[in-house]
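The data blocks that follow each hold one structure.
In what comes next, chain A is part of two complexes: it sits with chain B in the first one and with chain C in the second one.
Let's turn to the complex of A and B:
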């Protein structure tokens, strides 16, 4: 029983990390029609920034979020401006941002070399310490990630559902011409979304900077699982992202505990493939289509 | 549509001449004694031509952009590594098995993904990526296949008349590249190819017009997988030590996409051209120790080609065949004889010069164009990519001239 609860708790915080990682991608794809492969680069860059500020400047790694989130937001804004300037279609954005991803990867390899960089544990207490709830222990770092994820997802959900900005964006995605006729300023609103998506990449980066040993290619193993969460979650549906992350996190956590730990990541992909075959639209509805009904 | 000959004499002769020249090179290399590296370099060019072409018959012709090339390449590579490296098979029998493995992976993936309602290009791209990464994870974690330790190839036996390992790789690589290019050529000039192009342009319309879209997509996917896997199996010999990261990493999909997008995706010649070009540049840059800078340049080229060069270089070359070709030959000879460069270095220089000429604004070359218009288009140009975007400019120029 205890093992079961422990596995459950581990799955939940893992889900938190995944949804924080995926929410920005999901927003960009669903609302801006940008499949941002470079999201992974933004995350890694932020992770390196966290590393630099904590080791060289002696900051507390969690505090570096005040720098990484704006950096991520700026990158997101820049990309959005680029995409609107060149009028790139959905598929074009996938290839163009894939190119950006490669450029970032090479640039980071030049700056930080291919060596493993890890925050020393004395300045990164969050990695080793744990939160105790009765007999159950969960990683402090992943708990922080989960808190951020809930904040981000619920915040975005509220923004989309209950503010003028959100209503404008949803209206535009559904009916661009009508929305424009009613005075929705999409270029401006899209920058808001791109900025938020970028900022979540920055936050994810800070978490991963504390969680992983950094190399310029370390994010590659996250690509599949994060896209799995995005696709399962139903595009631009923050609650769906959390739900999908929960499913994947649980599958991973239970595989790791009760079957072969090495197969955990593979199971996530199997879930994705099964779901795509039987429910290609994802486990959750797209937020925008929800509004259409 | 009038029925045309599949291989007009000029095309057939062109193929034969190129293959004949390439076949003599290993013998020449032994007699004259130019650096062995040239042979290895050419093998790698053949390898990339095979990979890029196999990707292109699926993704270029039918428009279903795959990020999963590594699934087939790695699948073939591991087939040869496990059968040859671990169980002591000879090399040649492993290659058909590799082809079957590649075809099976493609067939299973296709059965899953092409049956989806509302399958969009983005979903297909990410799905294939997930399949490749998934197989990579499976191989990495399952001891029966690998388990993350990697497989050393050792020495595999093969018929003695193929020469030493480098020569054997060269001949087999050439054969595979030839098969791939011929397959791409034949598909492009058949009903099958016309159907694939129709799927790419508008699948619903194609379906309505009676193109058996599901069967065509499955067929081309399986063909693509078989070619890529066979080539991957052979490449295991070149790599020597097979690891899951190397076999299923992003490098292969990145390069085949880059080569085909830059070369041009609607023409069998596109990936071939892209492979020669990008491998030459990469080889020189890596040789000079600029691997990262090279990646940045290539990625920038990928972005630029996606945004501004929808037809790829081959589209442009078909419009303007002669000046770049002449530039290439002259620059190559100059660099090789006067400049004292190596053969590969000269090729890199010549490619650079030819690209500059290729992308000079049309106006500047008008006098050239007038001189070459009478020669007619090169082989295959008559059915090349349809007019789009910048095609209209020279027409306009000519019309204006006629008006004057």
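Let's turn to the complex of A and C:
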């Protein structure tokens, strides 16, 4: 029973990290029609900023979020302005942001080299710390990520559902002409979403900066699972993102605990393929529809 | 299908392509000696040590690729620095055959197929005189086929699948022996057997990377000089250790929580991590979150810096090595030059771990082997270079290489066991190679 609970807890916090990583991508794709491959670069840049501020300036790595979130937001805003200005369509954003991804990778390799950079344990106690709930222990870092993910997802859900900004954006996504006729200023509202998406990238970066050894390509191993969460959860649906991350986190956690750990990621992707075949709108179609109404 | 969904499939295709674009490793082998007869090879001494005239004439061009970008760039950077420093040293000391040496390195982007096509270009279009192997098992395996097609001598530093290389002019310098799946684990377990609290049980945690898979699980069938069986798991059982758990994980795994729970649950005396890079530190962090520290721990190919950066968690951890920046290695030919030049260059490049160790030692030795062969035969003929290398003992920073043709150009396994003590790595086994005042330490 204890093992079962421990596995469940591990799956939940893993899902938290996946949600935090995926929410920005999902928002951009669903509401801004931007498939932002550069989201991964924003995350990695934030991770390097955390590394730099912690090692060179002696900041507590968690505190660096006050810098990385705004940096992420600014990057998101900049990209959205670019996309809007040049009227790039959804396919075009994929190509453009993939190009940006490669440029960022090269630039980070020039700045920080291809070397492995890890925050020393004395300034990053979070890496090895655990949160204890009775006999259950989960990673402190992943718990922080989960808290941030819940804040971000619930916050975005509330914004979309209960604010004028959110209603305006949703209206524009469904009926652009009609919404414009009613005075919805989409370019302006879209910047809000882009900023939020970018900020979540910044927060994710700080977590990964504490979690991983950094190299300019380290973020690539996350691409598959993050896209899986986005597609499973349904676009622009923060609650769906959390649900999808929960499914993937659980599949991975239970596979690692009770089966061959090497199959964990594969099992998660198999789930994605099955869902895409049988439920192409994602696992949470009803939630997506509700969120859009 | 809506535009957004079409874009979704395009995105998934892109993601899939990126996920598939990965793989490499680390290891090497030795070449053949006729009838066991070997002759000393004075030319294997670094040419740098014999201050010579300025090199003259047409440069000798040595071509190769390295993973200057992509997932393997972090380690390939070590080989780039080692190569630059070696060639610079060579030219400062008279060059090769009295001619200047030019090193042409191309970026294979961590992709084996690209590496192969670039070697094809280097040989057929650029007409390089010699080649140096790329970094990593995948790229080396692919590029070796090109070298074989054109009959080029192919020194390489980091190929882990010893059994897979049958080309008669390949010269590995990760000098672990053809049957490393037997010799490496045996050496490690023998070191542990010397302890008062020698482990009686072991848990394996293995990365599915081909090189680590080979070393932990061995091979089912032998062929030629390759012995069947082997692998740390079987060797452990043969040596009386009880295997309590055998776990594997895929390349790129970042979350080790579930694996850590299983490791802690069985609580074996020895944790054998058949991993590479930062697998070890990540697993140790997950174990620490469970308040569990293995009594003894071995890591196959850890990135040396990150292991030290996790502090006490890795104290007492062991690994295998072929070169470390202290005695007795520093007395080997060329080791002082490697140490001084590499450390300075790595510092200038802003690397986090600047001491030359296994990777740099393998790289430097590959250049020593190539230049020894050229100087030995006083020629650029690949058949003659290969013949010379097979007939002579090569002095390198790792020690003596005797390439044996009857063992697919591998030789003895000359690895040693190193251990983290007092926050640094030290060689502890075998005793005649141990760092001064150091020996294998047990738990606690």
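Some notes on this structure:
One rule holds for everything that comes next: the second predicted complex is superposed on the first by the 286 of 293 C-alpha atoms of A that agree within 3 Å, B and C clash if a C-alpha of one lies under 4 Å from a C-alpha of the other, contacts with A are read in each partner's own complex, and residues count from 1 in each chain.
By definition in this document, a contact is a pair of C-beta atoms (placed from the backbone, for glycine too) under 8 Å apart; a residue touches a chain by one contact, two chains touch by 3 or more.
Small disclaimer: the values here were computed from a predicted structure and weren't measured.
Following the overlay on chain A, a clash is recorded for the pair chain B and chain C.
By the touch criterion defined above, A:265 lies against chain B and chain C together after alignment on the C-alpha atoms of chain A. Of the two partner chains placed by the overlay, only chain C lies in contact with A:6; chain B stays clear of it.
When the two structures are aligned on the shared chain, A:147 is found in touch with neither chain B nor chain C.
Number of chain A residues touched is higher for C, counting chain B against chain C.
With both structures placed on the common chain, the touch criterion links A:180 to neither chain B nor chain C. In the superposed pair of complexes, A:211 makes contact with chain C only, with no contact to chain B. In the superposition on chain A, A:63 contacts neither chain B nor chain C. Residue contacts after overlaying the shared chain place A:227 against chain B and chain C alike. Contacts of A:90 after superposition: both chain B and chain C are touched.
Using the contact criterion defined above for the overlaid structures, shared-chain residue A:113 touches chain C, although it does not reach chain B.
When both complexes are aligned on chain A, the segment of chain B among 73-81, 91-99 or 235-243 whose C-alpha atoms clash with chain C is 235-243. When the two complexes are laid over each other on chain A, chain A has residues 29, 35, 90-91, 94, 98, 105-106, 109, 220, 223-224, 227, 231, 260, 262-263, 265-266, 280 in contact with both chain B and chain C. Within the complex formed with chain A, the chain B residues making contact are 65, 112-113, 115-119, 121-123, 125-127, 129-131, 133-134, 137-138, 140-141, 249-250, 254, 257, 261, 292-293, 295-296, 298-300, 302-303, 306-307. Interface residues of chain A facing chain B in the complex, by the touch rule stated above, are 29, 35, 86, 88, 90-92, 94-96, 98-103, 105-107, 109-110, 220, 223-224, 227-228, 231, 260, 262-263, 265-266, 269-270, 272-273, 276-277, 280-281. Listing the residues of chain A that touch chain C in their complex gives 3, 6-7, 10, 14, 29, 33, 35, 37, 89-91, 94, 98, 105-106, 109, 113-122, 127-130, 137-140, 211-213, 215-217, 220-224, 227, 231, 235, 252-253, 255-257, 260-266, 280. By the touch criterion stated above, chain C contacts chain A in their complex at residues 3-8, 10-12, 14-16, 18-19, 22, 68-71, 73-74, 76-77, 110, 208, 247-250, 252-255, 257-259, 261-262, 265, 277-278, 281, 284-286, 288-291, 303, 305-306, 309-311, 313, 349-353.
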